[in-house]
């Protein structure tokens, strides 16, 4: 090999990927020519192929699709959606509007599903090591809380009380998929055991499983690593972001603030200010 | 109405939306309770409902889905994907990685579909006014170029020569949908007439329709306004962004630059620098 | 030259720059070793050197500095600042908080200074061609409005009536700098002539010069190209963004929405929704 | 208080701030009318006032300014700068270009100063509790590494060996400020003791203090909380981001990728791909 090859190869290797193979006139993803995918696989199948590297069955993709549908939006009260709508009045492109919102789906706003998946996987690992379900749930919750704090991601909702309408429907689909053998049903069992244990710890007051708790069940059943949950949620929520940004562009406005312009933020002087 | 209601109402009205209706325990999108959508509509149907406000037929959604599948990725040579992979090594969340890339899908990198849709709609308007197809294509191209410049978005590709493998497959699906009566086929005709005219203007050298030209045909056939094309492309490309960001996290690295660290940018002194 | 050099050189040339020259143990900006700059030049001088490529005099830098100080913040009513404060409660880094806000300083929210500088430079060009001031102002306004619309960037303020307190102070400094010979004073004259003409066009009702109109005078006096105005404004406003993001982190909160959680966005059903 | 006041007040209180006080014709920051600040305080003083809430002395501001000057840029090899330059060719605004880069200054790329300040403050706390300097350095390093890992932020540089030219100059200024009584000099002592200890732990091979280690000394000497270090670094680095984005706009290009277009990323097929 000449030195010339070495330089070019180093640069090419720096950007190596197993996702896409390109030549002039050829595009293949994970080994599938693009023209064989277009019109033959669903968008959720394509998402799965791209992210996980293999093609899911139709039944797997259907359960995956339900989770993607469930998370698209929760309205302008959410900071990400509000920011997208404000950005849409600031003279930036629709892509910038979308990026503004997705950028805010951080550990607190968009990370609950990932954290909940970590909890479920932790409990499953304890069970693999021989602990029974109830004990694994208690130990798993203790370990999770030592890292993440008291509030358990995936359960409870400050607004949807007593029930988040998305969770029971998603769990119904998981059970159906387990009956068909598409998934094992193991994480549905874990999720519901966590919910029951949290209720016991609150002195018998039931607590709802929320959208993050339910989608984490699905992503765990389907074998996705926990950190991917946030990315998949971002894909799903991008739909609501686009819808709201676009609606705001139709409503018009310039430099839309968080409240009508006649209301001013309250100024609280500090004692040491002059 | 009391003054109290007025203040609260003003604030609520400031954030009004026709997309989502919420009460504790209730979420409805465009009038559809979320639990009726989950598991019953496809992800592309949900995207369409959220963005356009009405539910598409299964056939409409299938054509729409093909466009979403076609645009997911074009590899790390694209600045957006490269930036996402670099961001993935900088200690930010996966949502920030995704936002970094989507933020770069601006007029030049992500706007070609929108611009091409404007061209197609402009030609269609001329035809509505009585101009025949060939003349409308010539006049539409002239008008479009006066605003956007000489290079016509949606046609030609610096890499995929002579054919972008995504376009013929998408056009095949459009023609199939037109045969079934799902769409009119009018914009397929316009797109191909533009392609032919551009070839004539190049002295008979054929020019390829690229992914933007083909997806613009689909979005126009399905009735989406031109500016939405960019938003829909961002949704589609977010899939590749997530896949590449996630792959990079697996590859590791810290502060990945654009080339291996042993290559330094060339410094070009300016004469007036000291 | 061997082929080996060609590959490495091509890559290095791809990232060529005249800003920074680096070797192990050496960093020089625009020809100045960094250790000679630290402690010897002011931050505004450093900004100027980096962006414009040459070192300003102390007097030039002082006028430049006044513009940077003037634009740091306009409170949480501005969408960028509100978004930064919301982002600060979403579990992202302080850098992501800052980026969220700067990303929203688009054509409408952050572009007024740039547009106003274009107006001033356009008028100056007409004068260079022999038109007198008053006629150049009228013609320049006509030309600018044909491109940008009726509302003239840099004049009037929806909140600060009748006077934006930043503008007179900045103009006072410009006149002082003109008296010292630091700047020509030409753009101060143009800015005030535009202000007078706009008042005449409103039937004699005076209109304020706002912060964008005044900083544009300064940036034009100092010779910065119009598009840089937005970048310099972003640097200045980043200060307020950081202050507000940091204050919000101290106030706490999780997923701060645009209004207190007890107020819900108004749902406006569309007739065709089911 | 009427209910009417309650609603308006709740909304105003939701956006309360101690940074800015506004009325029509009035803007005051931290109690200072803006017209008294413009032309009378330096940009670094303004930054300090905004972020920390009080006005620094000229000597404090001078040391602060040196840190801001030192961090403006480290060239296109840094992922943030490379991303900014690529974004500048994608058809987005200069503000979006800047946001793209700042968004990437995360825990790994922009967080070293913050992490190093945590180390210094931890050591200072141990000394406040009675531990002597050398023991506090060893214990502080152990505690810090238990949380952050083996590589100590602020020391060593993969490129600048043996010396980062910015650090000695900054430390010289800190010692000068300590001689004048502007700062205590305590964190300079801690920083140098950490550097010496790290050298001992490497078997006597000296290790450089880098830009992050030196600016952390300054920010600690001046009393800034550790997390602010990242924000202040983002302000400083925004200067280089703007300079590079602007230079790239002048160089031109469309959709600039990470390497010249004739080099393609290497495709590495996975065994299970078809």
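Letters A, B, C and D name the chains as they come in the text, with residue numbers starting at 1 for each one.
Convention: contacts are C-beta pairs under 8 Å (C-beta built on N, C-alpha and C of every residue); 3 or more make two chains touch, one makes a residue touch a chain.
What you see is a predicted model, and the numbers here were worked out from it, not measured in a lab.
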| item | value |
| --- | --- |
| Chain separated most widely from chain C, comparing mean CA positions | A |
| Pair sharing more residue contacts (C-beta pairs) when B-C is set against C-D | C-D |
| Chain C and chain D, separation of their C-alpha mean positions in angstrom | 22 |
| Separation of chain A from chain C, taking each centre as the mean of its C-alpha atoms, in whole Å | 36 |
| Distance from chain C to chain B - Cα centre to Cα centre, in angstrom | 31 |
| Per-residue multi-chain contacts in chain D, two or more chains | 8, 11, 15-18, 20, 22, 75-77, 82, 91-93, 95-96, 99-100, 103-107, 110-111, 159, 258-259, 263-265 |
| Partner chain C, residues of chain D touching it in the complex | 10-11, 14-20, 22, 24-27, 29, 33-35, 37-39, 41-44, 46-47, 50-51, 62, 65-66, 68-70, 72-77, 82, 85, 93-96, 98-100, 102-107, 110-111, 159-166, 168-170, 172-173, 227-228, 230-232, 234-235, 238-240, 242-247, 249, 251, 259-260, 262-263 |
| Residue ranges of chain D in contact with chain B within the complex | 2-4, 6-8, 11, 75-80, 82-83, 86-87, 89-92, 96, 99-100, 103-111, 158-159, 254-259, 261, 264-265 |
| Chain A residues touching chain D - in the complex, by the definition given at the top | 8-9, 11-13, 15-18, 20-22, 30-32, 53-54, 91-93, 95-96, 103, 258-259, 263-270, 272-274 |
